[in-house]
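Below you'll find the structure, written out as structure tokens, and then a few comments.
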Amino acid sequence: MIIVMKQNAPLTAVENLETELNNRGFKVSRSQGESKVVLGLIGDTFKLDERDFLGNEWVEKVMRVQEPYKRASRSFHPQNSIIDVSGVKVGGKKLVVMAGPCSIETPEQIHTVAQAVKNSGASLLRGGAFKPRTSPYSFQGLREKGLDMLIEAAKDVQLPVVTELMSADKIGTFLEKKVDLIQIGARNMQNFDLLRAVGRLNVPVLLKRGLSATIDEWLMSAEYIMSEGNQNVILCERGIRTFEKATRNTLDLSAVTVVKRRSHLPVIVDPSHATGHRWMVEDMAMAAIAAGADGIMCEVHNDPEHAWCDGAESITPETFDHLMGRLRQLAPIVGREL
Amino acid sequence: MIIVMKQNAPLTAVENLETELNNRGFKVSRSQGESKVVLGLIGDTFKLDERDFLGNEWVEKVMRVQEPYKRASRSFHPQNSIIDVSGVKVGGKKLVVMAGPCSIETPEQIHTVAQAVKNSGASLLRGGAFKPRTSPYSFQGLREKGLDMLIEAAKDVQLPVVTELMSADKIGTFLEKKVDLIQIGARNMQNFDLLRAVGRLNVPVLLKRGLSATIDEWLMSAEYIMSEGNQNVILCERGIRTFEKATRNTLDLSAVTVVKRRSHLPVIVDPSHATGHRWMVEDMAMAAIAAGADGIMCEVHNDPEHAWCDGAESITPETFDHLMGRLRQLAPIVGREL
Amino acid sequence: MIIVMKQNAPLTAVENLETELNNRGFKVSRSQGESKVVLGLIGDTFKLDERDFLGNEWVEKVMRVQEPYKRASRSFHPQNSIIDVSGVKVGGKKLVVMAGPCSIETPEQIHTVAQAVKNSGASLLRGGAFKPRTSPYSFQGLREKGLDMLIEAAKDVQLPVVTELMSADKIGTFLEKKVDLIQIGARNMQNFDLLRAVGRLNVPVLLKRGLSATIDEWLMSAEYIMSEGNQNVILCERGIRTFEKATRNTLDLSAVTVVKRRSHLPVIVDPSHATGHRWMVEDMAMAAIAAGADGIMCEVHNDPEHAWCDGAESITPETFDHLMGRLRQLAPIVGREL
Amino acid sequence: MIIVMKQNAPLTAVENLETELNNRGFKVSRSQGESKVVLGLIGDTFKLDERDFLGNEWVEKVMRVQEPYKRASRSFHPQNSIIDVSGVKVGGKKLVVMAGPCSIETPEQIHTVAQAVKNSGASLLRGGAFKPRTSPYSFQGLREKGLDMLIEAAKDVQLPVVTELMSADKIGTFLEKKVDLIQIGARNMQNFDLLRAVGRLNVPVLLKRGLSATIDEWLMSAEYIMSEGNQNVILCERGIRTFEKATRNTLDLSAVTVVKRRSHLPVIVDPSHATGHRWMVEDMAMAAIAAGADGIMCEVHNDPEHAWCDGAESITPETFDHLMGRLRQLAPIVGREL
């Protein structure tokens, strides 16, 4: 971390700050420019917040050099991490496809979709039992009952499941029912108590990017989980909020490339929530894999028109099968398999 | 709600949708334009989501006419709500000022600040005991111990307190210690389980706007709380995330005017978090009151340079006193008192 | 266009508005809901602005149904447009790659790069002679002299050129020197006088998306050009401004899919300006083609480290050649050729 | 400017960069941290672009310390600038109010409004003759004829005028007709050729902030004008583009405070374009002055419902008069006069 002092900062202010930094365990290298003093901090600065120093009236600017995370950082872990989700490897050569309905509605519905996505080659079954909805009057998911239906359907087709956890008080249920991959949704990306709670589990976590989270904030949320012990974090880009309203959110595929450079964690893409339109899902899924993502997560429904939630962005099993065919062709071109 | 069908929508598609809507309890008025059919829905459409209809392949566009909230809406509650926080009225003629440190550090610190802001005329004491921090390595607050110090200091100077609740499992503690106003922070604005939980309490709630929440989403989060029974919600604008990085966030004072038109709930402004710079706090506090806000929430620290958190945006008790003097002059010009 | 009147709108207000609309040449179909009157406008509403009606105190909401553009719209021109740039077809089966340095520096530099990109299979040579720079103190381009160098180098390797026009007073120069494709930069996307001026030419125009332009505003700017007679418009997505600062801009690849649905015009992607980092260019170029773009525009420099402009995002001829090899593999998978 | 080299940067790479910097006229102070070399540049770094150095493969990060502008910077010009607009002083103790219709429609209309705003105490008459419109099919202004009407009306009521210049080829007309204050609109804030052109005039310039311009980019555009000789620049905040759609744009009042700190130039606020709703104009005008703005620019129309442009955000002369009364009460509280 580099601290630039103001032009008129008195020597005592500089020395006081140096002493304070030394006391906090950092070595400081002072450099005197023509008019300004610059302090370079040496030590574990990833734990520091730039804003901590801006309260000092003699500090003009602070620049972070080291990243603010360690366990999630590629600097400290150069090899790609491969996360094992009940036997499915995420982050390796093989692409992973998680597919299923936005919300679980009936045993028949989830069964039909499970069988269909399995047949087309999906590696995980997704389905929402606890649904975060903007309105208290919208359908909130079938909750425990939905979870049971999901687990049942998954067992039949022999796929691991991924489903969203909204609150720490349901962790017991998730463990008992053996959810294979716990999803933390975009709205909870900075629900730090929840992050800590799943950080203490052995179950892998799918961490969706918040609507307005920078890539570094997203990696910091991964760090929250990892700092508690759970290193099995998979990231999921699902669109950010911008001024553009032609799409539900703006899919930020650059984030895939940036994450791959800054972190060793696998990253997948959710083209359904990102775009909000089923006619966009195929193009964006292809683009995600071409950009280097480790897989996709995709909403599939046997009757999108009557889906209880997000029908507008759900594709049919037929479209999903078509997409899988195209992804299979694309995979080798980006050095992957499907 | 108005649904525009696609130009080539077959009559049966229109009729099927009408039947479906009738079955859900809505009357439908069909109108045939030159080339497109338009359906007008009559009934309690505030419970509907526009996106529900976009899954229908024959639907081209949907426009909401009624707001998606009811309890928070001025249409259903034309008079301003006045919320009583342990005797302090928020939303009435008298402006409310909530002041105190970002985080509680020591009994001396919180005492000193409490006495100072009381002397200058603050009506509530704020202070963070449970702190949501981007990094797991940053100071996370003194937690229960901090809460005790806050309550103690507040009792001495006879001010009600406001402090942030990050997780439902601390509600017992908050009730037991008699927190007067429970703050839901920006990052938890769409932590729906938490909203429901505070919705079941009798304690007033200060609901901060999320970093990238639209005004309607913010009011929907208020509706979550209110739909569980707790009508005592105060809104707090604290800056939104935009491309501009000269300020920590972009203070959206227009939101005050929009909220006042759409809702009967009181709305205050936090110029400290919005700007991130102590030299901006006074100007923005003045602007907030001039814009029609019901009060402000402001970070005050006796030694900002050594604050454990957010010193950069904390003002000293002296500056706070100066600001209070200016607000007192401004109040009558906008028809208020302080 | 659909106009919803306020609940308490008097009949005379409705009738006055209807008369006004009739006088402007629109038929109006009035529909009486339970509590509100809804007016449907029939006629060439693409010329209307929703905001025109919001000045009326009895109007509550206005929803556009028809798009606000006609010549750029796929509704009026269902087939893809193929634009001929001096023999290079843009928008057809064959992908187009425009490559070259950010700015023209010396005859040797532009020659070297021109030869290299030609050898690798580029179809157009790009190079900046007139440079829009944020600072008046930055290098502003070699201007006419640079244009001469570009034309000379392009002639030698037999490639058409694309270069930016910043001001209408240089149109004579561009015509005289026979620039094959005139670029309108992102900052000038709503310089309407410039759009009209190139709309009166016979030369094709490459219209970059503005930093904060919605897709519809971008298509409206194409409509400005087309409404003056010039139908040869190619669109170029180059990143939008968002809160995320890990990349120079946020590449919006969804825009490719949306443009393809709303418009018949070809759309290419500039991964260099979008990302600002050379190590991201390959991934984003691959993703762009996978998403369905008609081609890419890419900054290539023989010595990026000493480039006079944007070296950080320029790739070397070697990297470009590598990228071209990958794009050649990718093309057939998305039904294209290269 | 501070340049941080990568951890593994070889000494020769450091020395080469130092030589290059010396050759460009900068002194360099090298400082060796534990693992990284940091270079501090001494000299007129306001002319440098951080991005220039990021092309160097051994450079990790660059931090600007000095601002990228000089003439617009308060560091080089500590006193507030006061700009004289045909006798009206902008930036001094007296607040300035510019008012008038969005577009000039008829001699009667502009006369009526001119007389009304003069009576209420406006100091300049605004009115659009050349209108930048998103659609080529919208009313584009009465152009030269409108300009004549504006000048005529202004002469009658003895007010200077401000009106927008969209293209350099109209400068002759603007000079001939003696426009007192030339407005550069938001969409042209980075039309650099136009900025240079008005920079060579003696007439003061009102520079509106671009829709997605950072405050520093806005000041850089002022610098463009000033670097050509014309020091008479007034800034105008008019809302930025964000995700929030309840308002036409998001008024960024923090920008007033930031501009006041970074620059000596006067800054006014346009609450009409910022909000897009006439019912918000008064509140936001009050807030702007409370925040420290030097004045406001406000759309006033005698018949907003039938305005040819932007009626939704225009207030009536009566509302304007009411607002002026309130501003007159507010002025002394922020140390101003009206």
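Letters A, B, C and D mark the chains as written, and numbering starts fresh at 1 in each.
What we mean here is this: contacts are C-beta pairs under 8 Å (C-beta built on N, C-alpha and C of every residue); 3 or more make two chains touch, one makes a residue touch a chain.
Protein names from UniProt, one per chain: A, B, C, D = 3-deoxy-D-arabinoheptulosonate-7-phosphate synthase.
Bear in mind that the values here come from a model prediction, so they are computed numbers and not experimental data.
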Relative to chain C, largest Cα-centroid distance belongs to chain B
Have a look at B-C versus B-D and report the one with more C-beta pairs in contact. B-D
Rounded Å distance between chain A and chain B, as computed from the means of their C-alpha atoms: 26
Report the inter-centroid distance (CA atoms only) between chain B and chain D in whole Å. 32
Approximate Å spacing (C-alpha centroids) for the pair chain B, chain C: 39
Touching at least two other chains at once: which residues of chain B meet that condition? 212, 241-243, 245
With touch defined as at the start, can you tell me which chain D residues reach chain A in the complex? 2, 4, 27, 29, 31-36, 38, 40, 42, 60-61, 63, 65, 212, 241-243, 245
Quick one: which bits of chain D touch chain B in the complex? Just the residue numbers, please. 212, 214-216, 240, 242-247, 250-258, 261, 274-275, 279-280, 283-284, 286-292, 326, 329-330, 333-334
Residue ranges of chain C in contact with chain D within the complex: 46-47, 49, 51-52, 54-57, 68-69, 132-138, 166-169, 187-188, 190-194, 196, 211-212, 217, 220, 223-224, 227-228, 241, 276, 304-307, 310-312, 314
